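Next come the structures, one after another.
What follows is a pair of complexes built around chain A, which joins chain B in one and chain C in the other.
Coming up: the complex of A and B.
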């Protein structure tokens, strides 16, 4: 017979533990419910058009196919979708090799004291509020990009289609990607670092005993062994980059209704558009602006959830396998 | 078990703190406590904070809480009743009014804005610009600063052959509403295609950029030469010496600089046309000395307040705001470059609207 307090405690913890599930479901159903009028009005055009036209809310609303909408309104998220994916992907491409090299270096080549310093600094990076990254982006990164780096890239990498063309300012795809890269580096590095630490010491020692150099051990044994964790780390980083709002908002150039022509062009992302368009959506008496933003939010939530779930699933898979392999020896 | 004790102690501590808090706030006092919550316009937020600090009500012990959330959020919160006062740079549209009857749009102040630019070497010169030219810059039909159309309005000034970078507010904004209202009235292409409001169908322009808030616009323009944008007059001190601003061609075809006087002239042109419900756009005013961009600032409140005391405290506060010896005195308004309402507007529009405020019996 368990103690009475135990029963109460069990009941309470159970109640509290289902709160996250409840919250996610609530948010999802809320977004879905509010999206329905937008799904009906915009249809597939929502994903294929890059024009986000809030319409003229001071004119009388018009009735289109039985739905009341502001005059001249039409909603397409292609620009935001593209912005979110391209900045996150470029950030990932830059962060990927750096996080692997940093993790290998601190585990194989750096002495204990220095290793601790580097790891705690990386962890510190993860705790910096995103708005500070944005501030640094505006004050330091943007002028640096527009005055030196982007003209140089245009000159020497201009033969690649996406790297040539007009440079209007430092704000845009490149600046957003660099800021996002800095923000996802800590999480990726610590996951990869953890996997290397967990990697069986006896296998590492075995490799050295067989005459492998450290470089060969890193490349042939460790990196191959933690392939799955590295992929998972990348997915976790991607999940963070997809949803980032504030920092990107400050350096993206926040443009509307024009697709970027090159990597220096201003851009807009889904999270950012959601944050900046919300206030004026309240001015729309038909509510369509709000419904369209809900559909935007729903899309973002699904993409982020998918990236995060895949990442977690793969990391989980890798850790279990890594452990069993370690124990066998 | 230890954790259970810690949790219990934690709860007890929280209850004690809450108890002390309640005790402090509900002690015997002669005046009744009233909280007037405000939310909305970021333009009005600084002056609201100064008002909140300095206002004392003769009848009540009034606390004013302020939030800079944006005009649209302010209006929406006032409609839902989550705040008493929604501060807005624009009035509610006809359709929003008919969807939410019983909301009052009470004009309290006049504000205006600069059309500013960053032209190295020319920032101390006031260029002449017109609505159609600015519309052309935003829709990409005028791409360079030395375009013939700009040059012809500014003879003798050597303009650079540089790409113009038009900047707009990416967040919903009363400044955007003022700016696009001016463009809609002065350029028919803009009126038919883009329209006006706190956010609009921005034209597709590869050089265009968006930024958040007046502060965001200013910081972007400072670090990027050849930009042009619109900035609230409230930010006069922040752009001084860093950005130039234009004299705008008004309805009478005269180039007019934005000053307190030219904005007041513009408002004066509309004095006899203000409808009883206070909702009017005062951009594109006639008159030789009228600056073409100006707007009334509004308090959006429910006509029927929850109780008698809140209604009375709200009335007192709004009447104090428009009083030239109260909230509209120069000591509060000058630092923000806000302009008080002319007394005729206060008497014929604001006061009758305030008197409409009642309470649920």
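Coming up: the complex of A and C.
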């Protein structure tokens, strides 16, 4: 083959390899460009108000400080922000000990053959499409929560303020958190399991030789050694939970303008608000609804990116979604 | 027995209990969808078009595969050629920049990708809700995955084989197309299959890029597309019993598709 063809091929592949960079830059600039009118109009109130109302889009728009907006509209994301953070944090609090204990137990007590089976079964959680989590959540989890688990929690844990008060239909913070917990378990277990496997065998053997039980080896040696990776795993899990849309949309109760009073209350998150409000935003002739939702999307993206990139940096594997699908990359 | 042994034993019990508990939940979720799906699905659903409240899901099945197909056609060539550049030509700093940007792309929430797809593809490029808009939005999500796996498969090609090819007089392109790509073939196919399984189960990107169609789309742009995950979401939120059945039937097809794709990819890898 002539040398010239090699050069053409070089430039061709170079141009193609720019596409991922180009896409990310486009993504940011589009979100930012569409957010600017909303940033100008809403200012800081966007983050401090929890009242979101698209306005009367069929009435003539009103002029506020020189900007045309739908009559009666108000854009505050505090409720969504709170919902995103609280559901993800509770999910993390549940998933954190489970993933640590499971990955330790799998490595300490289970033989090699079953270990592989268990790890790949847990990774199957990541393969289930998120609408199916939502489907299961609506049909089975919500009745289970509202009929049995939530009354029991109310009775026995009611002395904690956040756990007392009214019980609703089952759709709410607790249901969303449980579903999110199941969705982030595989990535956390994978990462922690990987770092246990990479942990120096001679140190582990040394601990056993000195007479430590396996539990002592796990608690005193391994856990201390992989502290940072565990933090990274938690960040990766958090990053996934923050951006989850469909499953939460189906089991959260999708409430507007009412701050939740306890863990059983219906809630709304940023991702699901974006999914459910975009439809009506197209009706708005002033475009302000779309601008405000773009700002919401930008905020969500920045929060998610912060968590995920910190996690990726710490774990240092360049882990991607596929990692949780039984593909240790 | 001394206290240390008891502690060790109780940790073991706790571990076993949690492992069994988690696997039980997995079985409960997949089992409930499969059993309900088997009770709901009928042959008529599989061959008729429908609108999530009546009829069947034929249009949704076809639409899902069309969207995934466009996504794969978009992401696989870009992913493979970018990976070739990174492995064979790229310098260190450029590669790490590409890495950071693909990481950003994977970390982006799917609904934000959907919003971008709407703003850029549907509005700016004027595709409307369509196969092209939905498929490319899916492809953007698949791209970092294909890129990364191909990159790893290409780096795994043994140096002595490459050196042997070069010493026999192979040019760069011979090396890439005759030695490296065939060697990395399995990795690329595996990643493509897994990307299909990810794409088939996505919803949030498609809500505002693909729309819904009671039939089969008749053109690449400005013709909306139906997809299975939408039937699950819309069906279960409607009161009628039949739409619940449609939701479970779509759930069954989705879960069978996704799981069998994963098993196929594991088989190929081996």
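Keep in mind that, in the parts below, the second predicted complex is superposed on the first by the 299 of 329 C-alpha atoms of A that agree within 3 Å, B and C clash if a C-alpha of one lies under 4 Å from a C-alpha of the other, contacts with A are read in each partner's own complex, and residues count from 1 in each chain.
Just so we're on the same page, contacts are C-beta pairs under 8 Å (C-beta built on N, C-alpha and C of every residue); 3 or more make two chains touch, one makes a residue touch a chain.
Note that the structure is predicted; figures quoted are calculated from it, not measured.
*Asks:* Name the contact category of A:138: first (chain B only), second (chain C only), both, or neither.
*Replies:* It touches chain B and chain C both.
*Asks:* One more residue to check, A:254. First (chain B), second (chain C), both or neither?
*Replies:* After superposing on A, A:254 lies in contact with chain B but is clear of chain C.
*Asks:* Once the structures are superposed on A, label A:9 by its partner contacts, choosing first (chain B), second (chain C), both or neither.
*Replies:* Both partners.
*Asks:* Kindly classify A:106 by the partners it touches after superposition: chain B alone (first), chain C alone (second), both, or neither?
*Replies:* second
*Asks:* Could you say whether A:312 touches chain B, chain C, both of them, or neither, answering first, second, both or neither?
*Replies:* second
*Asks:* Identify the partner contact of A:37: answer first if only chain B is touched, second if only chain C is, both if each is, neither if none is.
*Replies:* Neither chain B nor chain C is touched by A:37.
*Asks:* Once the structures are superposed on A, label A:278 by its partner contacts, choosing first (chain B), second (chain C), both or neither.
*Replies:* Once the two structures are laid over each other on A, A:278 reaches both partners.
*Asks:* For A:24, decide between first (touching chain B), second (touching chain C), both and neither.
*Replies:* Second partner only, chain C.
*Asks:* Looking at A:168, would you say it contacts chain B, chain C, both, or neither? Reply first, second, both or neither.
*Replies:* The first partner, chain B, only.
*Asks:* If you count the residues of chain A that each partner touches, which comes out higher, chain B or chain C?
*Replies:* C
*Asks:* Shared contact residues on chain A for chain B and chain C?
*Replies:* 5, 9, 138, 249-250, 272, 275, 278-279
*Asks:* Under the stated contact criterion, what part of chain A meets chain B in this complex?
*Replies:* Going by the criterion above, the answer is residues 5, 9, 51, 53-61, 71-72, 138, 142-143, 146, 166, 168-171, 249-250, 253-258, 261, 265-266, 268, 272, 275-283, 285-286.
*Asks:* Which residues of chain A touch chain C in the complex?
*Replies:* 1, 3, 5-6, 9-10, 12-14, 16-17, 19-21, 23-24, 26-27, 30-31, 34, 98, 101-102, 104-106, 108-110, 118, 121-122, 124-125, 127-136, 138-140, 182, 185, 213-216, 218, 239, 242-246, 249-250, 271-272, 274-275, 278-279, 293-294, 297, 300-301, 304-305, 308-309, 312, 318, 320-322, 325-327, 329
*Asks:* Mind listing the chain B positions that touch chain A in their complex?
*Replies:* Touching chain A from chain B are residues 4, 69-73, 75-76, 90, 93-96, 98-99, 163, 165, 170-173, 195-212, 216, 219-220, 223-224.
*Asks:* With touch defined as at the start, can you tell me which chain C residues reach chain A in the complex?
*Replies:* Chain C residues touching chain A: 4-5, 7-8, 11-12, 14-16, 18-19, 22-23, 25-26, 28-30, 32-33, 36, 77-78, 81-82, 84-86, 88-90, 97-99, 101-116, 118-120, 124, 140, 143-145, 147-149, 152, 171-174, 190-191, 194, 197-198, 200-204, 207-208, 229, 232-233, 236-237, 247-248, 251, 254-255, 258-259, 262, 266.
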